[in-house]
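Let me begin by handing over the structure; questions about it come next.
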Amino acid sequence: MADTTHGIGGLTFDAKKRNWPNEANIFIALLLIIGVFELLGHFLMGQSFLFDTRGRFGSIFNEARLEIIILQVSIVGIIAIGVTQVIISSGIDLSSGSVVGATAMIAMSFAQVAEVNGNPNPTTALGSWAQDLPVLVPVAIGLLCGLLAGFVNGVLIAYTGIPPFIATLGMMVTARGVSKWWTAGKPISFPTDSYKEIGSGLMPVVIFVGVAILFHLLLKYTLYGKHTYAIGSNESAARMSGINVARHKVLIYTIAGVLSGLAAIVLSSKNLTAQAGMGVMYELDAIAMAVIGGVSLSGGRGSVVGTVLGALIFGVIISGFTFLRLDAYYQEMVKGAIIVAAVVLDRWRHYLAALR
Amino acid sequence: MDNDIVLKTQGLTKHYGGVHALQDADFEIRRGEHVAIMGDNGAGKSTFVRQITAVEQRTRGTVWFDGREVEFDGPLEAREAGIETVFQNLALADDLNVPDNLFLGREKIKFNLGPFSILDYKAMREATLRGLEKTAVKIPNISQPIRNMSGGQRQCVAIARTATFHSKLTIMDEPTAALGVQETAQVENIVRTLKASGESLILISHNMRQVMDLCDRIVVFRRGRVVANLRKEETDGQDVVAYITGAKTQSQYDVEAA
Amino acid sequence: ENIGVSMALFDDNFLTVLRNGMIAQAKGMEGVDLQVEDAQNDVAKQLDQIKNFVASGVDAIIVNPVDTSATEAMSAAASAAGVPLVYVNREPVNVDSLPDNQAFVASDERDSGTLETMAVCDLFAKEGKNPARVYVMMGELSNQAAVQRTQDIHDVMEGGKCAVKLEIIDQQTANWSRDEAQDLMTNWLSTGERFDGVISNNDEMAIGAIQAMKASGLSMKDVVVGGVDATQDALAAMGAGDLDVTVFQDAAGQGAGALDAALKLAKGESVDKKVYIPFQLVTPENMEKYTSKN
Amino acid sequence: MADTTHGIGGLTFDAKKRNWPNEANIFIALLLIIGVFELLGHFLMGQSFLFDTRGRFGSIFNEARLEIIILQVSIVGIIAIGVTQVIISSGIDLSSGSVVGATAMIAMSFAQVAEVNGNPNPTTALGSWAQDLPVLVPVAIGLLCGLLAGFVNGVLIAYTGIPPFIATLGMMVTARGVSKWWTAGKPISFPTDSYKEIGSGLMPVVIFVGVAILFHLLLKYTLYGKHTYAIGSNESAARMSGINVARHKVLIYTIAGVLSGLAAIVLSSKNLTAQAGMGVMYELDAIAMAVIGGVSLSGGRGSVVGTVLGALIFGVIISGFTFLRLDAYYQEMVKGAIIVAAVVLDRWRHYLAALR
Amino acid sequence: MDNDIVLKTQGLTKHYGGVHALQDADFEIRRGEHVAIMGDNGAGKSTFVRQITAVEQRTRGTVWFDGREVEFDGPLEAREAGIETVFQNLALADDLNVPDNLFLGREKIKFNLGPFSILDYKAMREATLRGLEKTAVKIPNISQPIRNMSGGQRQCVAIARTATFHSKLTIMDEPTAALGVQETAQVENIVRTLKASGESLILISHNMRQVMDLCDRIVVFRRGRVVANLRKEETDGQDVVAYITGAKTQSQYDVEAA
């Protein structure tokens, strides 16, 4: 009776009635939210949300809208992917936003042009030796800064046993200090042309998608992923099973740090500037994207696909609000409610599934 | 040291704050020998296991394994040295499925890329089904997270994990406590296989019949101390119970009187 | 006309006056529809808001930049879509190379701190305090207004523009906030150091400092306190004799100018590329003029 | 042998060697930090940190310093006590800071005087009917606002099963929107004299200490406390044991909300103003105080005494930095490090204790 | 309905996604009767318990308790109706100490102030010591968190919790699995006390001797279905094992053939 490709006997197992994947719920939530905006747009604005009803783009979609929906969440999305693996391992990273700020400042200092409109660069931070350097230099330095911050997080968490919340909160405060100290608060602008390209146009989207695919594969098909889930599920079991938990945690946080560094590079390139206040609160958006995408804050469960869907939900909400010309106050109030509703929806499906 | 001795402890002691969970335990086991540890609840049996597998840091005492003094830095080192353990709390990752748990920490790999090595899911699945068959347990869908397994199913996964790999010393802490009639019989068979292939075993159990069936020697713990070391041929169930309850203590262990 | 407005942040007192002025003015006009967004002090969010405006097809955009050196990307985004853009309140870094259908209306932060510091110096001179010892309270260090206004103090000192010799005992940030300023001032007071005045990057912090000093029994007659903004609270404090100097920044003027320029650009008319709205010094003597402004 | 007041036989139990309470560690950390400032003060500033070496106070202590150390953490401390019970129940509250902001705005609107310096009140929010009201009105309204926000948090968490992180993140965003919307961002100042008194002088300290004592008793000696620990320790066990977990959670979050409301009242009274940006990031400071005080983020462990000590550590750090005239940038960097160090110290003691 | 029947289920079914963990279980127990449930690991015994105590929501089926049809909203309601349960996973709060766990959900109170009632720690301590003595377990310091207790100590706390309160029906899911020799004997005594005072009991156990000693009737589960309902006098160990392993099925339950 029992299908031996699934197990080894015992109860009846009806493979057709397996629970569908969590990601499907989130996708439905995404469609639902789009549907609501489309409907409201139709009735309130006499306009379509996603479709090109005014013939502006020569396509059935409002391409400008599609682009901005993804573009505006790409950078936080990159961070969210790093955060996803951290949360799966039952950790948390509150430092990502501040690390983005500090890294952007530092990387940008090495990406300066010598001349702006024929005058010497007015914002350069380090002097002329750091001008007109090849793009590899700021990129490498940016990734390295992120790596370093992540590594410190990881070592603190893995080897001193303090909770990730505290270690990364400390890093958050420290990195915020660094980003203000670096140029005494002055912003740094005017990057080289090659640096400008990293974040121009749809490049942030391309990078985000690339990172997402890579980490989807890493988490699903490699030792790295398996051990990350194992640690998040039961850390002491993982240790007793012979996983080098401490070393693995250092790796997880270091990788998350590198992704923050990457996000900082893309962000400062896209905005053509770095300033100390950059990245504030990104950590919360990133965590929210992951959780809306079904990553469990108690560890052990979640996926990159879910997080990407969570990021898209964010993007749709932001664009939808501007589309509806909602007052900024209401935008915030409703955004709070939608974050909650998206997750409630998901729980509700779970609940129904448990009744079948 | 006698080269035939796999594991030996001397003065092994563990205090938790004011609780003296293990006090001056002297213990040894020879190659191929199967030794049972019995004793009341809270007598310190699992504590003893946690010290020799380095899950915790001992308060004091010395441990020799495989001919040399050891200070394992954690259970990973203990396992790498050749000690396989089924812990009483089973040590399973609730969100992972059965094959993932079975191969936790020694996954089968397709391409070796260090920490980013590609997993060989198919091979692990198949090996899991083979491994579990030996325990006679039934699991309708091994892709379900371990969280959803019954008490006995969980225990069988933990046992299969140990039984699938060869070792110098196997430790099982109450392995059949949650098992059904058939599964218990199968696990006892697994233990006999170990005996046949000359592997040493420490078996912790409250089941007198099982202990008498499977082991060569019985060590009794009481109140954190070793109180008896009995060859199976020289004792019987009633005698062992007398040591467990405190009615008797072997003279060489009688510190309480002193 | 549909005008999209992106403000650097909503919960900022001064920018709120500016924003509300703009909204009130638009309400009085026929067929002008403002959509105001909050960039929450995030450069990236602001750039994305501009793109969202473009996706929705607005007729012109007004930006109060989070970061005045991040404006190049914004100018590029708007001009690529052919949408007119006006910067308000903070001078964009690319002010000299703005595309044709872009303009700006802002104030020069080099004046605010300078006016404030020089007025404080004059008060010290009048009281015969030379050298005068002061504490400096800075705004959020990631904000250019804070950096520039603090720099102004040093420039005045070093440029010989101060009537007395100024000694800065300590300079710390209280993040524009009255609450943090109170705690900071109390901490300073607990050191027992003698001082003659407090120069603050804005009024809120100046008021916080005043509250802390009064709570520990200092007479405000003996201390010179300067701020920037000329808020209602500040003028009330000035009326009570607690605050000595503040600097008025014309929020309504900036807002009106920006809206005006945006509407003209949307209709294809040409406008002045740069409009400077000057800062004005406010003291007890002339404060009546400012009571109902900011 | 076994002492029957401790247990019922079995192993030897040496009551003298019991582990000392967690709070003792934190107290030692506090003393250590004070010691460091005292030393640095001696060598760098030629001045004492805590003692009255210049004879200003006629006491051995620098009383002004002692006061400000506690005063500056009293308000966040009140929130931290609410957060402590939330964390013990294995939850988290990210909304407390924003709820403070929104509540301050609303309460302050009902605490307005009619005249300032003889002129009509320039900032009044609701018109003259809401001026010169008895102090009870704004206080009641403030507490009610906090209660409401907490109640919504509680109901969402208890009855929809979404993670507290998300429910309170939603509330955080929503409350932030409310506080900006209330007066379209305009600050509200000029409260009545009776309202001014709530936060004047050392009143915030008195209120903080009162709240701390009350909640210490509640958590230690009542059903409420016991069930809070039980839920945090093992929620499903608590449910199976017949605790009405959902109802209890609503209670916990509602009480935390009331404390946020109280903090908002004290804060706006102390500052004589309410502004939309008030309370930002208080939630993180409050959580950090609790965790530094030994409250476990995985629930079930911690105490009010610990949190109070955690708050004092914060207070000492802030005052110590100003005392040393450390540059603001360094302050932030070092503050991050000290938060981490305080917790590391605590873990280290635990580790040593495990070896005895 | 027969007034003498304490609990009755009809068609009780629970599916987890595609896993049919419990299928059309018909079961009844009379006042004062002690019924054992036996069966392989993963046969659905604990699932059955979780449905009647409303820890989970059943897929379908009807449950009558104490003369009326019930749809409990959760374990709290089940307990208030008079069902005391020792769950297989024990349901203990790891951070609380022994008395706190024993009285979890029904604390002794000094002053009743609703949810803010003042606890009577002293009374609970003393009652705990009395309650635990009945199980013969030894615990050196009952003020330690349950986290630090041995497997058997934990189980005894869970049992003492149930045994301390009167009920119409007691359910014990493998209560002696982790217990030592003495403790097992004591718990069996507790069960006999229940019998003497006329309380009904459902006992899940893999221990044939125990079941034969303590129960009037044995219900066997296999693959999520009830396959036999045997009066103790009419069966023996070997017969029961035949039903467990699937060698035999009572004709009235033989749906698989159909």
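A, B, C, D and E label the chains in the order they appear, each numbered from 1.
By our rule, a residue touches a chain if its C-beta (ideal position, glycine included) is under 8 Å from a C-beta of that chain, and two chains touch if they have at least 3 such contacts.
The model shown is predicted, which means the values in this text are computed figures rather than measured ones.
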Inset, instruction - Show which chains lie in contact with subunit B and also with subunit C. - result: A, D
Legend entry - Co-neighbours of subunit B and subunit A - touch as defined: D, E
Legend entry - Contact-richer chain pair (by C-beta pairs counted) among B-D and A-C: A-C
Legend entry - subunit C and subunit D, separation of their C-alpha mean positions in angstrom: 32
Legend entry - Centroid distance [mean C-alpha coordinates] between subunit E and subunit D, Å: 44
Inset, instruction - Could you tell me the distance, in whole angstrom, between the mean C-alpha positions of subunit A and subunit E? - result: 47
Legend entry - Chain centre separation (subunit B, subunit E; CA means) in Å: 29
Legend entry - In subunit C, residues with contacts to at least two other chains: 10, 38, 141
Legend entry - Residues of subunit A touching at least two other chains: 10-13, 180, 184, 327-329, 331-332
Inset, instruction - Could you check subunit E for residues that touch two or more other chains and list them? - result: 18-19, 40, 42-43, 137-141, 223
Inset, instruction - Check the chains against each other and report every pair that touches. - result: A-B, A-C, A-D, A-E, B-D, B-E, C-D, D-E
Legend entry - Contacting residues of subunit B [partner subunit E, same complex]: 16, 18-19, 39-43, 45-46, 88-89, 137-141, 144, 148-153, 155-156, 174, 177-184, 206, 208, 223, 241, 244-245
Inset, instruction - Flag every residue of subunit E that touches subunit A in the complex, lowest number first. - result: 15, 17-21, 23, 40, 42-44, 56-57, 59, 223-224
Legend entry - Residue numbers on subunit D that touch subunit E, as the complex places them: 2, 4, 6-13, 218, 221-224, 226-227, 229-230, 232-234, 236-244, 248, 251, 299-301
Inset, instruction - Can you check the complex and tell me which residues of subunit C touch subunit D? - result: 10-13, 15-17, 19-20, 38, 138, 141, 170, 172-173, 177-179, 182-184, 186-192, 204, 207-208, 211, 215-216, 231-233, 236, 239-240, 291-292
Inset, instruction - Spell out the residues on subunit D that touch subunit B in their complex, using ranges where they run on. - result: 10-19, 353-356
